[in-house]
Each structure stands twice: as C-alpha cells, then as structure tokens.
Amino acid sequence: MSTARVRLFARLAELAGTREADVELGEGLTAADVFAALADRYPGLAGFATSVRFAVNAEYVPNTHPVRPGDEVALIPPVSGGSRAV
Amino acid sequence: MSTARVRLFARLAELAGTREADVELGEGLTAADVFAALADRYPGLAGFATSVRFAVNAEYVPNTHPVRPGDEVALIPPVSGGSRAV
Amino acid sequence: MLFEVTPDTLDPARVVEHVQSADTGAVALFYGIVRDNNLGRRVLYLEYDAYPEMATKVMRQIAEDIREQHGVINVAIQHRTGRLEIGETSLLVAVSAAHRREAFEACHALVDRFKAEVPIWKKEVFEGGEEWIEGDLSPQES
Amino acid sequence: MLFEVTPDTLDPARVVEHVQSADTGAVALFYGIVRDNNLGRRVLYLEYDAYPEMATKVMRQIAEDIREQHGVINVAIQHRTGRLEIGETSLLVAVSAAHRREAFEACHALVDRFKAEVPIWKKEVFEGGEEWIEGDLSPQES
C-alpha cells in the first residue's frame, strides 16, 4: 500500500497527540487532501484547514502540491501573530 | 615651582621619546602654550601644532583652555585619516 | 557555514571561532535569550519545537542569500530546542566580515529572516496559562 | 555598565554575563578583530596605545547617551592595548535589550561613536613599514 509520512509540530502535534502519522495515498492526492484525511482521524486539527502551511520533503509547497508515495509531508502551524491563550 | 604634567600618546610619544613630561607654568598659559613649550624641548612635535587636540584632566578642551598648576594635560594625536607610511 | 538545531546548551565561542578567518575584521554575534515577561505576563519558561532537517536547510538558504547581498565572510547559526529557562540562550547568529557595517547589517537581516522563515516554534508557559507563539516563528525577543 | 582598557585577552563570556538580566531578550555583541590586510598591504600585527583613564570616562559618556537614546538595558565594553596578533580581539561591545532591534542599533551606534571619540590609537605594522592609523581612533575594521 502506498503511503506518505506526515510530521506534525508544535500546536498541531499537541492537538493530534502525535508527531507522526502515515496517510494512504489515492490517485492524484494533494497536500490539502492529506491534511483533510488527517483531520478526519484527529478532529482537533480541523480548524487549521485554511491556515496550515505545507512542506513536502522539507521544502515549502502550495496546498495543491501533489503528494507521492514515500514523500514526507510536514504540517507547518499557522503564522497567526495572535495572542490567544490556549 | 608650579608645573603641569603632560601625557603623550601614540605617534607623539614616539616622536618625543617620552610618554610624560613636566612643563613650568607661567601666568595665564593655555593648552596651546604648553604644547609650544614642549615642542621647543622635542622638536619632532613641532609639525603637530595645528592638528593636536588637548584634554585637561581627561576632558577634551579647546586650545585656548587655561592650564593651572597640578593639571594633567594630554596631547591627543590628530585625526588625519591619512595613510602616510612612517 | 554552520547550522545547528540542538537540545544542548549553545556555544558562543564555537560559533565565533567557526566564522573567524585571517581576513576577519569584525564579528557581530546575536543572542536570543528567554526573558521573564511578554505581553504583560510573567513568563515561567519556554518550550521550543523544530523540524530540524528543514530548519537547517532553510537557514542555509537564508545565509547564502545574506552572504551574497551583504558581502560578508561567513555565518554560523545555532538554535536550541526543548525546555529553556529564563536567561537561557535560544538562538546564536554569528556573522564575520572585513568591516563592522556589513557584519551588523547582515546579522540583523539574518535574524529577521530567521524568525519569519525557519520552522521552529515556541510555547510560552506563563503564570496562568500557556500559548504557542505562532506569529513569530522563533525566539521571544522579536 | 562595564568599561575596561586592558593589556589582557578580552573575555566575551564576561561582557555578555555583565549585560544580561532577567528582562533581557536580545544581546548584540561586537568583536573588533585584527585582520591580515589593510589598504592593500599585508599586516603583520598591531600595537594599541590608550589614555586609559580618559578612555573609560568617554566610553561611559557615550554609553549613557546610547542607553537613553535607544532604550537598551545595559552596556559593557572592553578594549585591549599593546601588541595584538592577527586574529586577536581588540574590542568587545555588548548591548542588552528586550528586543533585537534596539540591541543591534544601539551596538552599532556605540561602536561608531567609540571609534570617533575614545582616545585609543593603533599602529599598524605591515610588510615594509609601520604607521599610526590616526584617522581611525580605534580598531582596524572600521
């Protein structure tokens, strides 16, 4: 089965309760699709769908970047500048 | 006899061959007068009459500043920016 | 050039030694330090998280840009991860140059870009709560 | 604040420790270093001469000005005298602040004023001659 390894950091790792997860890849999946699959598994992530940034194989990429088997996808927490207490 | 202690630095100390000298003070002598007296004693200093700066008791002063018995007069080598090889 | 993300205490002497060479006339060294207050709250400690493989890659890209733009000689950067107490150093950025102006300007520009681009995050633990400071990818002093 | 003119090796860890306090988020540290070339000549070594009592007094005046103008926390300066070999540090200027911008700007301004005002001179001994660099009251990297 073809999968991508996802890495989570900072607030997203806390919300998901994990720093790594494997996601199965269908045909033509993008970084945003990988995030959506992960948000199904870890509902705490759902609110970040529009603010998370992605890196694939340690390079920043757009949400629409295709993800291929064996890729490492990193979820980069949003740059919010805000001061919300958690 | 009333004197002032003069301190010399850097190029001026090398030209005079000393880092300290005592100068006798007449009535109403200024920093420039003290320098002139010293240039008589150490002719190598003469060329610096218009470019040397003075400090009295560790404060920058104008050439016309009066020197009193017991003062420490420092000869501050010129700010030339030049590149003459010695 | 030297780029490190490490849980260990940072080493200023090492980064300065790394950037120095016989033609170095000036080194500017920046310390990012955990301070005891932020946004009016009393800070207890910070926790830094990083994506180390990508962080060192981005640092290298930024350093190469800055080296070219400012004509400096060499660059070394260390960032610490994990729990840091008040007074501990989270970031060191050293830049060597022939003259002071390039060293200062390049070092300042490097720290600015570091904070905007390098994937390192901090959680501030303060009296009464904790928060991931995500608007500011890196140390507290920005 | 700390102001020293000394024939001994300078101590970066000491000046940084001196300026740090619990509210410090950034320290900018400048090293003036003897480099192996100047004005196209091969430099062999430098000799620094100083008027130490006045130098420390002028340093204090400058530091007080800068501290007020830039709102920084603390300042420490060391300058070495005597013969310095290539690669040795002649000047250390450390400035602490809450944020990086003040630390960088104040440190740079301090070094600029230091070089214009503090009574310290250097003789450059190069291949084929020697010269007191008097247009530049202080280290070689200006």
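Think of it as A, B, C and D in the order they're written, each chain with its own count starting at 1.
The working rule: a contact is a pair of C-beta atoms (placed from the backbone, for glycine too) under 8 Å apart; a residue touches a chain by one contact, two chains touch by 3 or more.
All values reported here derive from a predicted model rather than from experimental measurement.
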item	value
Path length in the contact graph (chain B to chain C, fewest steps)	2
Chain centre separation (chain B, chain D; CA means) in Å	26
Inter-centroid spacing, chain D versus chain A (mean Cα positions, whole Å)	49
Inter-centroid spacing, chain B versus chain A (mean Cα positions, whole Å)	74
Chain A: positions in contact with at least two other chains	none
Shared-contact residues (touching 2 or more other chains) in chain D	none
Chain-chain contacts as defined at top	A-C, B-D, C-D
In the complex, chain B residues that touch chain D	7, 9-11, 13-14, 55, 58-59, 74, 76-86
Chain D to chain B touching residues, read off their complex	39, 49-51, 53-54, 57, 119, 121, 123, 128-132, 134-137
Chain C contact footprint on chain D (complex, rising order)	12-13, 16, 20, 22-37, 86-87, 97-101, 103-104, 107-108, 111, 139-142
